[in-house]
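Two complexes are shown next, each including subunit A; its partner changes from subunit B in the first to subunit C in the second.
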Partner chain A sequence: MTSSIFDQIRTLASDLFAIPPSQIDNASSPETIESWDSVQHLNLVLALEEKFHLQLMPEEIEQMKTIGDVVKLVEGKLQTAPS
Partner chain B sequence: MVEFNRRLQAGTNDPNLVFPKSAVPRWLPPQSGSPVWNDFFVAVEGSAVRGAYAIKHERLFIRGKGIVNIACYHHSLAEGIVDRSYASVGALLARDALARQPLLYALGMGGFDSPIARMIKALGFSLTLLPFYFRVVHPTKFLREMQALRAQRWRAVLLDLAAITGTGWLGIKAAQYFGRKHRGATDFVAEEVNEFSTWTDHLWDQTKSFVTMAAVRDSETLRLLYPPDQNTLTRIRVSRGNQVIGWAVVGERRKDEKFGTMRVGSVIDCWASPENAGAVVQAAAKALEKRGVDLIVSNQAHEMWCRSFEQNGFLKGPSNFVLALSKKLTELLQPLQETRPSLHVTRADGDGLPNNF
Partner chain C sequence: MTSTTQTPDLRSEADRLILQGTPELASACLSEFWRKNVGTAAAPFVVSRFEQLRGKVPLVPFRLVFLRSFTVEPVIPLLRAEAFVRGVDLATNIGEFNAFAQEILDSSSALYKFEPNAAVLAAQTSDVAPDLWSPSAQLSPSAVPEIVQRVSESFAQWIRVFRERSSAAMIVHSLEQRACPSAGVLDAQQDNGQSAAIQQINRELVKIASQHRNVYILDYDGLVARHGRLRWRDQRKWLIARMPVSADHLIYLAREWMRFLVPLSGKTAKVLVTDLDNTLWGGIIGEDGMNGIKLGQEYPGAAYQELQRTMLDLARRGILLAVCSKNNPDDAMEALRSHPGMLLKPKDFAAIRINWSDKSQNLHEIATELNLGLDSLAFTDDNPFEREQLRQLLPEVHIIDLPEDPLGYAAAVQDSPLFERLALSEEDQQRTTMYAAQRERAHAEHNFQCKEDFFRYLEQEAEVAPVSPATLARVAQLTQKTNQFNLTTRRFTEQQITEMAARPECQVLSIKVRDRFGDHGLVGVAITKDENETCNIDTLLLSCRVIGRTVETALLSQLATRALSRRCKRLCGWFLPTKKNAPARDFYSQHGFELAQQNGNGSLWSFDLSRGKIAAPEWVKVIAANGGKR
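Right, the complex of A and B next:
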């Protein structure tokens, strides 16, 4: 069984922000995760693009305010991506 | 933009975190046919500015590739500095700049650990430090005023002691004297000039092949960078007989608390063939000494210029002046290990002029 998009993003964010996965939920944001600064935000964007083989547009990057937003964005992009 | 600047000021108290209010850059504005100009870009949310950056478009000479159009990414400011909910803006700005000009570089940035340096490194830029050189003109004042050396009380006491007894003066002068590899050349004439005219072009054409990369330094570009009405800078032409062999631009830096009350001169820009670099360094240093500065500083990338500064009594100090080259620009310079020692980059590149050198 493959893990959900949320689980994959949580694992990725956990590695990036150096915090346990258990401390990450849909409401997690730069305001609740100390190490989520502008540099780590860029690293998150680059990591998502690499992991899910997608290209994030500027307006999409701007929408990524919380982990929940990120999950919704990636799910949406994967659904509309050509198979 | 006024509100954006106000929020950055309120959140940081850093007077340097201010983006120009005018949409038209005062320094190097876009002009038809101009070889070097600035463009400003803003990130907006509704009617609120959330970020801004500038790019300086310029022409670069790359040995074996000729002249290519590139840009310098500078003055990047984002709301994320003061409001974490806008952490995405910095990434947006950097990626936007790269999308507009993939041949991008950045300069300065305050070291590898600064947010901007870390961000562009994540975007695949190659980062390297530009060596920093200094020559103390007035050792006693240097010992008393160089705040970076006086951070700890015991060191400040030792430096005061060295200044009072004269041992500091002797030590600094000796280090600078014995650092010189040879007596300086004397068979040249240095003169101050009001502007760079066609004599610059001949020199540029004859000598550019000594570098693997340099921003174009022809008369058209130099007149824009150092216009005749920019009287805080001194333009020096160096000749031997009837032949122009090099030039330099020097100026006095604005006050900076890390230098205390010292007057700090900077060799901002320079150009010559390898055998004449030493004469240009001598001429530049002499012009600044004549101005009465206490300390002379310079950042140089090219190994020939580094050697020339060392041979003229300059000491190498710790540097936090970073040169960052985008992936695409790095590709043009491959193999970088071989081309890097001959890149010609000075404080005049990037956003260093007219005041930030």
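Right, the complex of A and C next:
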């Protein structure tokens, strides 16, 4: 039923950055995705917090340089977070 | 969650429907997608797809400007998606960060160039009154009244200057209270503490707003309190992005704005049509009987009473209530009439349909009976199947989803922006009584062989008078709401009406109608503009509840009489057809006007006043008031 964290983040990023999911992989970053600017970076943070019910620290937000970073960060937080 | 598996389908389904050229279906699909996926990620998708549907589905354009002291940008896509699914195509402009005062005061700022329909003034307590927010604030008792006065005066100035420069609506956020005041519990002991001071400023804001037309207060502090102060704020986002609201509360801010945008853009519902079994009471009256249904002050009957109480609140706001239920009429009417737990009574319903026919058929009938379009109806029912079916069959009708737990029913209705009103006229508050009189009229009409006898029996009186401060709000409201008997469908704000009424060549007239059954109140507006020797009818409209009673002829006859007394030679008027104003199509030709011109927009009709007056029907007593103008 539930798709992998990567799939969920890819769908989310695809909606947010308005590009097809097929163009998004772990290496995707603001360099490869044109619409990923600072405003969209904030929106990405808000969308992640809303979807996965978590809080991202300022340090963590700075570390989100690629989609792979984002997936790793969310996976880590979901494991440690009390559910 | 089932939505995770369904949503990729809805996404591609929406795209497929757009490509296929079925915009209505695509719009319904996008709305469903949004209902199931509301949030920051889904918003850009919904917005971009609705943008592709522009011009293909009916959308009301609306321009909104933000004057703000904090980051609102991430809320905008949520707001635009919410607006699109409600039929509003929102264009936004965001003022410079914390520069709202300069923007308001500078008449050449981007704010005024944008020509907004409305402006949101969203200033934070920490920005406009830092002394009332900062934890280190050491306030001397004498300083507090000074701060209250200074802040209130600033708001008064911003609002006044904005009102002078723009006729746009203004939505002013009230000031937020601190979750934990600097003085701790001591703050609550003082009538000049931080909390007391903020309350005082907020009360001043209400006073200031009431001194200006089209200025409204958004109870921001109430909104924050409703969701919990500690949960609403996100201190980290505030520090890194000047964005004080937590991610999962952004949508509630967007929806609070919608509560103003829905009435401002005219996308409200006028009627709430409700089911009975398991909606107004628990259980099924036909099976459980009068003693078996759950309805009363205790659980579980209290949940249904709470919904009924909410509906009574709507009725006081001028929203009509109606029943649409699959039931044996005798059983259901007995419960409506005499169940001790019923707060609503048969007289509270403007229309009642209790039968075994299709609900879509019944909704059509209710709309016809109340003389309203289907898009004026909102419908609620505990049965998801009925709701879904009506969404498919009657996409114009607004469907209000109810949660599974009846304790959430009242909140589901209260949360809907469809029933928000920004001002109440006398007519709004008496509407249900008027509809009851209307039913008696319809009943009486059946007893007459010919219409003329019925009209004589009605003893109608029509009072035609120039617009006055007392009638201004209602006159503007009628121009904004009347769709059917409206020759030109021109919409005006109160400000525009005032400006027109002040011009010597302009007449803004209203008509009040009463008869033996009751008072209809102010039901019609006519605006004329003299040019050379022609009196041009700019606007002529009548509320649907008096159409077909010859009052329209009485009003036209008044226009002719008044034009003659100003030595006009001709009375001219356009008929501009819309989807809804067919009832007005033959009005001019039926009254002896001749076709003067025709183009893609409509037809121009002319009446030669040298041929004499236009006779008012003998059975309507016309009372003409002048109020300085002729």
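The working rule: the second predicted complex is superposed on the first by the 83 of 83 C-alpha atoms of A that agree within 3 Å, B and C clash if a C-alpha of one lies under 4 Å from a C-alpha of the other, contacts with A are read in each partner's own complex, and residues count from 1 in each chain.
As a working rule, a contact is a pair of C-beta atoms (placed from the backbone, for glycine too) under 8 Å apart; a residue touches a chain by one contact, two chains touch by 3 or more.
Keep in mind it's a predicted model, so treat the numbers as computed, not measured.
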Superposition on subunit A - do subunit B and subunit C clash or fit: clash
First, second, both or neither for A:61, with subunit B first and subunit C second: both
First (subunit B), second (subunit C), both or neither touched by A:39: both
Partner chain(s) touched by A:51 [first = subunit B, second = subunit C, both, neither]: second
Touching partner for A:27 - first (subunit B), second (subunit C), both, neither: neither
Which of subunit B and subunit C A:15 touches, first, second, both or neither: second
Subunit A residues touched by each partner, larger count belonging to subunit B or subunit C: C
Partner chain in contact with A:78 - subunit B first, subunit C second, else both or neither: neither
Touching partner for A:3 - first (subunit B), second (subunit C), both, neither: second
Region of subunit B that runs into subunit C when the structures are aligned on their shared chain, from 92-100, 146-154, 182-190 or 254-262: 92-100
Common interface positions of subunit A, toward subunit B and toward subunit C: 39, 42-43, 45-46, 58, 61
Touch list for subunit C against partner subunit A, complex: 1, 4-5, 7-8, 39-42, 44-45, 48, 71, 73-74, 77, 234, 236-237, 239-241, 243, 246-248, 250
Residues of subunit B touching subunit A in the complex: 45, 78, 80-81, 84-85, 87-92, 94-96, 115, 118-119, 122-123
Partner subunit B, residues of subunit A touching it in the complex: 29-31, 36-43, 45-46, 58, 61-62, 64-65
Subunit A residues touching subunit C - in the complex, by the definition given at the top: 1-3, 8, 11-12, 15-16, 18, 39, 42-43, 45-47, 49-51, 53, 55, 57-58, 61
